[in-house]
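Two complexes, one shared chain (chain A), two partners (chain B, chain C).
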Partner chain A sequence: MSPIRIRTKERPVSTDDRPQDPPANSASGRATVGTGPGQPVAAGPDTTGPDTTGPDATEPAAVAPAPDGPGGSGGRRAARGSAVRGEVSLRAPKLPRWAPLLTALVATAAGALLALTLGWGLIAFAVVSAAVYAVALPAWALVVENRRSAVDRLITTLVWSAFAIALVPLVSLTWTVVSKGAPAFSAEFFSYSMRNVVGEGGGIYHAIVGTLLITGMAAVLSIPIGLMTAIYLVEYGAGRRPARVINFLVDVMTGIPSIVAGLFAFALFSIFFGPGVRMGFGGSVALSVLMIPVVVRSCEEMLKLVPNELREASYALGVPQWRTIVKVVLPTAMAGIVTGVMLAIARVAGETAPLLVIAGSTDSVNMNLFAERMMTLPVFAYYSYMQPGVPPQFGVERAWGAALALILIVMSLNLLGRLLGRLFAPKTGR
Partner chain B sequence: MATSIDVSDLDIYYGDFKAVEGVTMSIPAKSVTAFIGPSGCGKSTFLRSLNRMHEVVPGARVDGRVVMGGQDLYGSDVDPVEVRRQVGMVFQRPNPFPTMSIYENVLAGNRLNSRRMKKSEADDIVERALRGANLWKEVSDRLDKPGAGLSGGQQQRLCIARAIAVEPQVLLMDEPCSALDPISTSAIEDLIHELRTEYTIVIVTHNMQQAARFSEDTAFFNLAGAGKPGRLVEMNSTKKIFSVPDDPSTEAYISGRFG
Partner chain C sequence: MSAPTTSPPAPPPARAKRRIGDVLFRGSTQVAAGIILVALAGVAIFLTAEGIPALRADAAHLAGESTFLAYAWPLLFGTLLAAFIALLIATPLAIGVALAISHYAPRRLANLVGYVIDLLAAVPSVVYGLWGANVLGPAMVPVYRWLSEHLGFLPLFAGPASGGGRTMLTAGLVLAIMALPIITAICREIFSQTPRLHEEAALALGATRWEMIRMAVFPYSRSGIVSAVMLGLGRALGETMAVALVLSAFRIVSWDLVSGTAPSTIAANIALSFPEATGVGVNVLIATGLVLFVITFAVNFSARMIVARSEKGLVR
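For the complex of A and B:
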């Protein structure tokens, strides 16, 4: 009997705290009363008390903490109090499993009602519903459960809302690109260049070739440099002065804006080939300026993860350091290194600005990295959108198609990275 | 194929911190020598200085002489890699190479040094090392499975097999059983007992019974005082150390009165 009395005494307190949402409170009130004698799951002390040692054992303990326990923590304190008396109750009142669902329904209904009567749009409806949910569920939990659980439910709600908000642009972007780009896809789109194409037709073959060649060459340039830098930093440099300097320089490199990398490559190649130089290789150099720090950092992290014990085990077998690195450390870290490198490649494959400057733009296929302009997907998308030609709809459609193709390439690189990572991962055999 | 080790006046440093001071001892060949002492007194540090693993730690150095087979290990023309080939090591936590199978783990010392060998020769080495480590019966049917998939005790014996596959003269073991259950521990103790006939074995242990059971000699290390470097208090035959030690602090430690 006594625990219920505590609740009835507490409920008005909580109601005073939260006068602004009557639906939640009346619902919780009902739930509290309902759980009392009938449902053992939701009412820990209520059922254990009378069942085991009778009300006398719980009553003083349960009543005692009530005055100093405002808010919803009374239930827990009561449990603690009885624990002191030697009768341990590990149960605590809990909202039914369908409580979040019910609250969500009520919140949606409330949001819809408001939205319909006041003529709001979809966004206002979503915001209002989420807000109602975020207030109602924790309030209900505060009344029935305890403070910790209420905070838990509030934070959970906030985290999921943040997740949903983050998802909005992603979904919207994917939808836009797919819906606008997919119609452009055809066999011709992937097998023709834009040479002598006006209006309809043509394709992005030259841009795909350019992107693959330039990015591939950038990878060829950056992976050895990046990996070896990381090996130096982790295996040889550790804490020495040159390593600290290199660390700083890598940080600086991470912050280089991509257009600056493009201008750097342009200036560099202008020295050798005269002003106005354009070549794919220059693009590769610009991209590797952006890629090297990423590769260094990801490889460094992976090498640091290799336990020192393995290195020592190898040394103890009389294996020199360089062999230890090549045959023990690198294979152990290989999965992470491959994944990191693939992500770095995917990251630079979509760069536009540096390629605009140094690789230029062309309508024809160019397979030679070392001479002449070379088209790439981002640059193609840029130009077809900015200068779609007449009539414009074909150029715009090709731009979206190129964008979708680029996303697909980057995504498959990411997937490939994860796949290779799994392939190389050390097997435990369990 | 086993040699004795003579250490004279060895100081061991981590940067400016002197971890061990003035150790002089003679470790006899083809026998088991146990190191005991409270944690942090420098047993591991000293052990690692016996195969030049100590200097793997940045800033670490030693001062003094460690003579093995007539050569000073810290002589200026000595290659630490060669030293480690002669002085194998087993660590506290089993550390098989995760990327390698059981077979490759045993052969690691040979393979990593890219010694070329015929398949039959390699098979031979693997079987001999695994038999030597009392592991052959348990794993002979799954040599191509990853070494990391074995139990802790099996992994430790795999590490011992890996160490003896390169046929060192000395085997250093740093608390090889402290991460293992009693059954694995006794398997490894039996193994150490057998290996004694072929190798000079030095073992760090916190287990007094273990030290008393299978070592010929025991060295007791202790800190000279809080913040002071560790030092060798006394080294004697195990029988003497565990019955009538020279130093009162040894007796206090062994009888559990401190440490």
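For the complex of A and C:
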């Protein structure tokens, strides 16, 4: 403290007046700064000793340069620029707006030229064009603008190409499944099982029946449990320890590998029914292990969205809590719950591994969930591909047909869920 | 939250008479929540009960190996290797796609892109497997040839390159595509939660968009990215059908990514061997399933812990 005091003694006007009389002090501060060479000496003690001078100690220093310059901040920058370079330039040089487009055109042309002359395929052409673009645009920016801008443009290119790369498998997969699966579709394909079929013919009727039954049973098991758990978490447990534990377990349960769920169902049922047990109901149990956490999560999100005012209004009318939940909370959240449940069903309908383990595979129609093996679409696709039979092309064709049918079922469930959510929504909103 | 009553979150006054409907309804929600607990415990208990006999299994049921560990180790190696490759590929892609959705694309396009990525998650795994074995594998064969010819001195690409593309790298790629949606979804969520003011402050200081992302978005979402990657790892570790269809099953320890003799994974091995397994062989497979369960449980558990801790930090 004391050395600062000693140094400030040199300028008694600016320091001693400050604590007592702020307006006078700021005026004097400006005056001293304006005088020029003394400024650093005065500013030093002010900023290093804020405890003595109070909050307005920094104010003069901050305000000080402003009256110096000819006007606002732009003017100040211009003045500083002129001091450094001796010329007035308000803007850094910048690439024109059409620069990316032009670079893209040039890159495409370069890629096409190389592809045509060297006879490359479409993939090589796309890769080369993207690479040329990713190098050329940042290089141009580096020359005209600066390094930071060049890095920015490079990252932008990388981000968008990551997105493009992510789309490639989706497009390729859709195209492959549709083009290979569509030829298998016929009336026979959907109305026949594989019983006593060797080679050509046969169908996926038994697999569709199995998928519908097992998935339906899984939904019957999971929806009540999932919904009630979500109600417990949101309405009763809210933030208390048991609810937090359940919440965490649901998160962990989301990550159970599907094959482990199948093994669990197998281990469970083989204890009751002896080793080598296979039944459709076991598949439903395995699927509900995978489905319950998804249902809980989506229902929980939707229940949390219900405004508390609705609950309070209901309680104020003397409605018991359970009737409030059933008659007020659930109908309000119904749209979202339906969507979430449909998405969960769509997710488990495509599961293969657990059904492979516990439901097994068969060539015949089996309508009984509680006895014998049961075929499902994903398992059918898997076996038709792995063991296509003699001549193999018919089995492989059926595999792709089953894959397409499975994708259609899953996607329509997916879309139906979102559509139902939209349809239900207006009734509840606002 | 009314403080004076005895049960804080239950708005009806504490002295209201206990209605039978309330008691029943509350009880049934608690039972449902209890079932979750029981199910998770059941998975562990039943797998352990059925898996223990595997420790006493003889060589006939262990594919010639003397102990269960010797049997399970190559499968575990294959599982970890495939999942690692998948994450190596999926993580940068997923972060890029998530950034494109949250910070680069205009809102309308971002919604569409988000939906398309969700569609990737909805495709059944067996379809990914069929696609990987039939389209991706053969398409990658020239790449594998090139790798084994030019980078053959590395043990990773020692070759000989597979002619059908049924290699570890193909399996890793398919797993990467399958893990991509989950990592993207979580990263996107976290990126879009970055405080608006942090971003605007960075931009106001003259930062470019990438500098803004590096200064404001990444520090804020680091733990979220880590946990997203670990959840993706959980998915890649447990994925069955894609690997079962793409790889031909060998129980070996090999770093070679481009040859046709690739190590199988635990899940794929179960799927391939289970239908034919009998007696103690079934117990051996269940025991490997238990190993897989423990690993994925640990991975998911730590991921959720990281998320929970970072959320606590974010609330402030």
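Keep this in mind: the second predicted complex is superposed on the first by the 269 of 430 C-alpha atoms of A that agree within 3 Å, B and C clash if a C-alpha of one lies under 4 Å from a C-alpha of the other, contacts with A are read in each partner's own complex, and residues count from 1 in each chain.
As a convention for this text, a contact is a pair of C-beta atoms (placed from the backbone, for glycine too) under 8 Å apart; a residue touches a chain by one contact, two chains touch by 3 or more.
This structure is a prediction, so every number in the text was calculated from the model and none was measured.
J.: Just chain B (first), just chain C (second), both, or neither: which does A:320 touch?
T.: It touches chain B and chain C both.
J.: In the overlaid three-chain picture, which partner chain does A:309 touch, first (chain B) or second (chain C), both, or neither?
T.: In the superposed model, A:309 contacts chain B only, not chain C.
J.: Quick one: classify A:328 as touching chain B (first), chain C (second), both or neither.
T.: first
J.: Applying the document's definition of touch, where does A:172 land relative to chain B and chain C: first, second, both, or neither?
T.: In the superposition, A:172 touches chain C alone.
J.: Name the chain, either chain B or chain C, that contacts more residues of chain A.
T.: Looking at chain B versus chain C, the one contacting more residues of chain A is C.
J.: Return first, second, both or neither, reflecting whether A:364 touches chain B, chain C, both chains, or no partner chain.
T.: A:364 sits against neither chain B nor chain C.
J.: Go through the superposed model and pick first if A:393 touches only chain B, second if only chain C, both, or neither.
T.: Once the two structures are laid over each other on A, A:393 reaches no partner at all.
J.: Where does A:186 make contact in the superposed view: on chain B (first), on chain C (second), on both, or on neither?
T.: A:186: touches no partner chain.
J.: Once the structures are superposed on A, label A:412 by its partner contacts, choosing first (chain B), second (chain C), both or neither.
T.: In the superposition, A:412 touches no partner, neither chain B nor chain C.
J.: What part of chain A is shared between its chain B contacts and its chain C contacts?
T.: In chain A, residues 238-239, 311-312, 315, 320, 323 are touched by chain B and also by chain C.
J.: Show me the residue ranges of chain B that touch chain A in the complex, using the header's touch definition.
T.: The contact residues of chain B facing chain A are 51, 53, 56, 58, 81-86, 88-89, 91, 93, 95-99, 108-109, 111-114, 145-146, 148-149, 159, 162-163, 166.
J.: Give every residue of chain A touching chain C within the complex, in rising order.
T.: Touch residues, chain A against chain C: 123, 148-149, 151-152, 155-156, 158-163, 165-167, 169-170, 172-173, 176-177, 180, 224-229, 231-233, 235-240, 242-243, 245-246, 248-261, 263-264, 266-268, 270-271, 275-276, 289, 292-293, 296, 311-312, 315, 320-323, 325-326, 346-347, 349-353, 356-357, 360-361, 378, 381-382, 385-386, 399-400, 403, 406-407, 410-411, 414.
J.: So in the complex, the part of chain C that touches chain A is made up of which residues?
T.: Listed in rising order, the residues of chain C that touch chain A are 9-12, 19, 21-22, 24-26, 28-33, 35-37, 39-40, 42-43, 46-47, 49-50, 92-93, 95-97, 99-100, 104, 113, 116-117, 119-120, 122-131, 133-136, 139, 177, 180, 184, 208-211, 213, 231, 234-235, 237-241, 244-245, 267, 270-271, 274-275, 278-279, 282, 285-286, 289, 292-293, 296-297, 299-301, 303-304, 308.
J.: Tell me, which parts of chain A touch chain B in their complex?
T.: Of all residues in chain A, those touching chain B are 238-239, 307, 309-320, 323-324, 327-328, 331-332, 334, 426-430.
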